[in-house]
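As structure tokens, here come the structures.
Note that subunit A is present in both complexes that follow, paired respectively with subunit B and with subunit C.
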Partner chain A sequence: MSSTLFDNRKSVIHRLNPVTKLIALLAIIVTVFAIPLWWVAGLIIVLVVVPAAVISGSGGRLLSLSLRILLPIMLVLFIVQGLTFPGGKTIIWQWGIIDVTSEGLLFALGIGSRIIVLVLASILLVLTTHPGDLMSALTERGMSPKFAYIISSTLQLIPAFKDRADSILLAQQARGLSLKGNPLRRIKIMLPLLSPLVLGMFTDVEERSTAMEARAFGSTARRTSLIPVADSMVQRIARWLFIVLALAAVATPILLGLL
Partner chain B sequence: MSSTAATPADSKKVRNRIFIAVGTIIIIATYLYLVVGQPTDIAQSSFSQSGLIAIAGYVVGAILLAIGAIHRLPTATVAMVPVAIALNIVVGQIVSVIGLPVYLDSIGTVLVSALAGPAAGVVTGILTNVIWGLTLSPIALPYAVVQVIIGVMAGYAARLGMFRLFYLAPVAGAITGIVCAIVSAPISAFVFGGATGGGTGAIVGAFQAMGQSLLGATTLQGLLSDPLDKAISFTIVVLILAALPSRFRQRFPFVRQYNVFGRKAPALQHQTAAPAAPAASAVPAADVTDATPDN
Partner chain C sequence: MIQLDDVSYAYPDTDHFVLSHMNLSIPAGSVTGIVGASGAGKTTLAKILSGFIPHVDGGELSGTVVVDGVTIAEASLADAVSHVGLVIQSPFNQISGAKFTVREELAFGLENLGVPRDEMAVRVAEVADLLGITGLLDRSPYALSGGQQQLVAIASMIIMRTPVLVMDEPTSQLDPGGTRMVFDVMSSLRDSGITLVIFEHKLELLREHADVVHVLADHQLIAHGPSRAMLADPRMEEWGIGSTRFTAAASEARTKKLLPADVELPVSIEDAATVFASFASSKGA
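Now for the complex of A and B:
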């Protein structure tokens, strides 16, 4: 499963039940979107995400991955909203026809802080949770095992698929296919690449489905789990606490009349 | 998506229908709420709440649709979905490597919808974005509903026979693209503030500078890129399918039932029709479409 971001370590965060981490992630996202103050998002990063990343030992990878995703978004967000925000009145910097408004920058700060939390927290979940564990934990809780099959199977399939696509591309190049040219020409390249790829991959499917059917894949009976996912009383309480906190975060601005 | 998708118990069938209905209603209600109740003053607070409603409504709706759809799928289709998702992701990456100005990240979804119906497309679509989130970037997750819509629309386009003629497919694709652009605009606006990428962000900024609201700007930006992207995706799929052997296409029950490629499958009929349609493995031709009275 080299195609996922999972960072195999042995920390407390890695050992937590995947459902606990998932609920924590959802609670964090709900909180930052429900309370529209950028420093709430900042506090959550400093008090929750950063300590969790440090404890998990995946902080370095979290930083590099999220910088790669966030940097372009933040740059575009601040430039575009700073310059063209429709509600912008207070001009703080002017050069020719270019006006930077403080309303625009504040707006970008609000949106940006939420995107940062969203990206950091979800990448941390993916880094510290093996997809297989997440799937078995969710299946134990009543998710259709078909979902688990599809996700686990795809994650194993992607590297094989890439290899096959690469070899087809090389083979077609050896026969004189050129990868250069205008966009329309390059779209045409997709065809000699895709036809063999699709035919090859889909012919395997029929055999696989026969093998799965022979092992009662289509059965709707509730299954038992081969490897039970560890859980504890503390985590059970914590999950309920997260849900209550998220609901409180939704209720607070309405009660305080911030809306 | 029909009564032939053999679900054993009637109660489960009803439950799945409820899931699909509720999921659809939630998605539509979310969009209407966000557009009608659009925060005009763009006060920070209500704007942020709109972001929460956009994510929550779309994600919950998409998940309900997927739960309702996955139980309809026979094992053969479930086995096909991972291949389609891998196709979405790998082609999406190759396209960005080759440097094309489109995404083309839904070819697998369209392909599965054309071969196995809208329900299969829905499952492929939502799980594509889940896996995208697991392997590349969590930014894709709030957009899962877009792939779900592609799956539904491509599946029904196939049922209506849009894949029989290669020039109808881009039309279906462009219509799908318009719906995608409209539905995805609130996420781009309320969650990402219009900044989902360098080029798209610049276009959003240009529309805002022309006096559009943020939601209006992201909608227009989507309408510029999505219909083209989906039209190309649909065309590529119809060309791939035409290039594949007819035997491969007719293996799928959905294709046979709705006559997706306008060709009578059973060997007996095929023999009688042979003089009329001489090239059995050729591109779906115009002359075979009139042999489809059962639509």
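Now for the complex of A and C:
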């Protein structure tokens, strides 16, 4: 049981150092938000994200997960911006009092394309990177183990606590609690169940901190990692290249007077 | 190895002493069982022995606690835990939550200590083999049953190789086979020189594996003795600890004069077999 979305495969993308992928993601995000042109985001999708997804073999899952997130966002974005964009003058479709303007749609396209890149690239990172490897790689590079722990444990413990909530609910249902009725009634019934869950969580946190200290979590020794994180000269160069590209992306609009 | 002199303890914001004027002496390389009714203070004593009281829980601790030559109150927690390990009651909470496979989970403590990767891999394989969990190494710790999690929790402390290991009801979620295996592992740990303190309700297994058993009641360690003599003591019922079915049956037989009054009461099935054999031979059966 874990909330990780990691898609366990052996592709080149999967085998890349997690920090390389993380820096690539950050560079992509910086680029699309720094350059306010929708076709730049489009190019990144076509030339970077789609090939990476195909090579990784996780394209199907990427598509399915992304659609679930992006469809409602895009729908709302295009409807709201298409109809209410304040500078919209060029009406391309009209129905009663509803005016869809091309300025509004272009604005939505600009924002939407960036969100699409952000979501696609982020999900691809999550699908192709084991969270444990990411934490090991970041800890190796000096990230605080306590911070790494917060991220990892969140991924692991939230489903574990959900299981506990389900058990409490089941126990109450076994004693005759009925969850039928309208949503308001259900919320009213569920509220008292929070108390054993929250109190139990406090006890768990205290016990877990004891167990962690017993396993030298408070040690000041330089930490090692059981799982080796692959790296290479090519990747090290690539990481610097991504950083340079991101900086160039920030500088370009200023130099070209786009901002 | 472990020495408690006049130790008393009250949790923060209370003036109620959970443990009062307690003395305890445990020799190196021994297995000591500590029994007590629920609420007697077993977990508190386990935390005192392992340094979490007073370093984490706070409260008022008086007296002296020395473990493996280290005066716990004067040492840092990091120093204390390098001498004494603690297996807590709940395996769910013993698991760090930071690791995605059992293999990494077992190595968690070693990573914190900066143990080299090769040595970690060897120690993980050894402890997994010892506890029969090699087949679980690539699974998520949270995808395991309660019993499997308990084995992982125990393994995660054994791998630390502390000279003293305190275990608070380490087999509470294990089936009989798993329980016996854990006790067998404890015996092999004792053979390798580790001092074990086990807080446990399974009296038959304590009889078999503990050298000495202490009884915790009324906020104090009120009695101790060799495992068989202590666990068969008729006062165990009064102290709320109970007795094994073998002790209860033999005691009943002795009351009904079916057994001689001076017979040493059995605790385990092996004891019972010995009592029965000697009784049968005395009757010329």
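Here is the rule we use: the second predicted complex is superposed on the first by the 238 of 259 C-alpha atoms of A that agree within 3 Å, B and C clash if a C-alpha of one lies under 4 Å from a C-alpha of the other, contacts with A are read in each partner's own complex, and residues count from 1 in each chain.
Definition applied: contacts are C-beta pairs under 8 Å (C-beta built on N, C-alpha and C of every residue); 3 or more make two chains touch, one makes a residue touch a chain.
Predicted, not measured: the structure shown is a model, and the values here were computed from it.
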Inset, instruction - May I ask you to decide whether A:Ala165 touches subunit B, subunit C, both, or neither, giving the answer as first, second, both or neither? - result: first
Inset, instruction - Could you look at A:Leu199 and tell me whether it touches subunit B, subunit C, both or neither (first, second, both, neither)? - result: first
Legend entry - If touched residues of subunit A are counted for subunit B and for subunit C, the larger one: B
Inset, instruction - Name the contact category of A:Met135: first (subunit B only), second (subunit C only), both, or neither. - result: second
Inset, instruction - Applying the touch criterion given at the start, work out whether A:Ser225 contacts subunit B, subunit C, both or neither, answering first, second, both or neither. - result: second
Inset, instruction - Considering only touches as defined above, state whether A:Leu67 meets subunit B (first), subunit C (second), both or neither. - result: neither
Inset, instruction - Scan A:Pro36 for contacts with subunit B and subunit C and give back first, second, both or neither. - result: first
Legend entry - First (subunit B), second (subunit C), both or neither touched by A:Ile237: neither
Inset, instruction - Pick one for A:Arg208: touches subunit B only (first), subunit C only (second), both, or neither. - result: both
Inset, instruction - Answer with first, second, both or neither: which of subunit B and subunit C does A:Ile92 touch in the superposed model? - result: neither
Inset, instruction - Mind sorting out which residues of subunit A both subunit B and subunit C touch, each in its own complex? - result: 4, 131, 149, 153, 157, 204, 208-209, 212-213, 217-218, 220
Legend entry - Complex contact set, residues of subunit C against subunit A: 47, 50, 52, 56, 77-78, 81-82, 85-86, 88, 90, 92-101, 103-104, 107-117, 120-121, 124, 140, 142-143, 153, 156-157, 160
Legend entry - In the complex with subunit A, residue positions of subunit B that touch it: 8, 12, 41-42, 44-49, 51-52, 55-56, 66-67, 70-71, 73-76, 78-83, 85-87, 89-91, 93-95, 98-102, 104, 107, 111, 123, 127, 130-131, 133-135, 137-139, 141, 191-198, 201-202, 204-206, 208-209, 211-214, 232, 236, 239-240, 243-245, 248, 251
Legend entry - Touching residues (chain side subunit A, partner subunit C) in the complex: 1-2, 4, 130-132, 135, 145, 148-149, 152-153, 156-157, 159-160, 204, 207-228
Legend entry - Touching residues on subunit A, where the partner in the complex is subunit B: 3-5, 29-30, 33-36, 69, 72-74, 76-77, 79-81, 83-87, 106-108, 110-112, 114-115, 118-119, 122-123, 126, 131, 144, 146-147, 149-151, 153-155, 157-158, 161-162, 165, 169, 179, 183, 186-187, 189-191, 193-195, 197-199, 201-206, 208-209, 212-213, 217-218, 220, 250, 253, 258-259
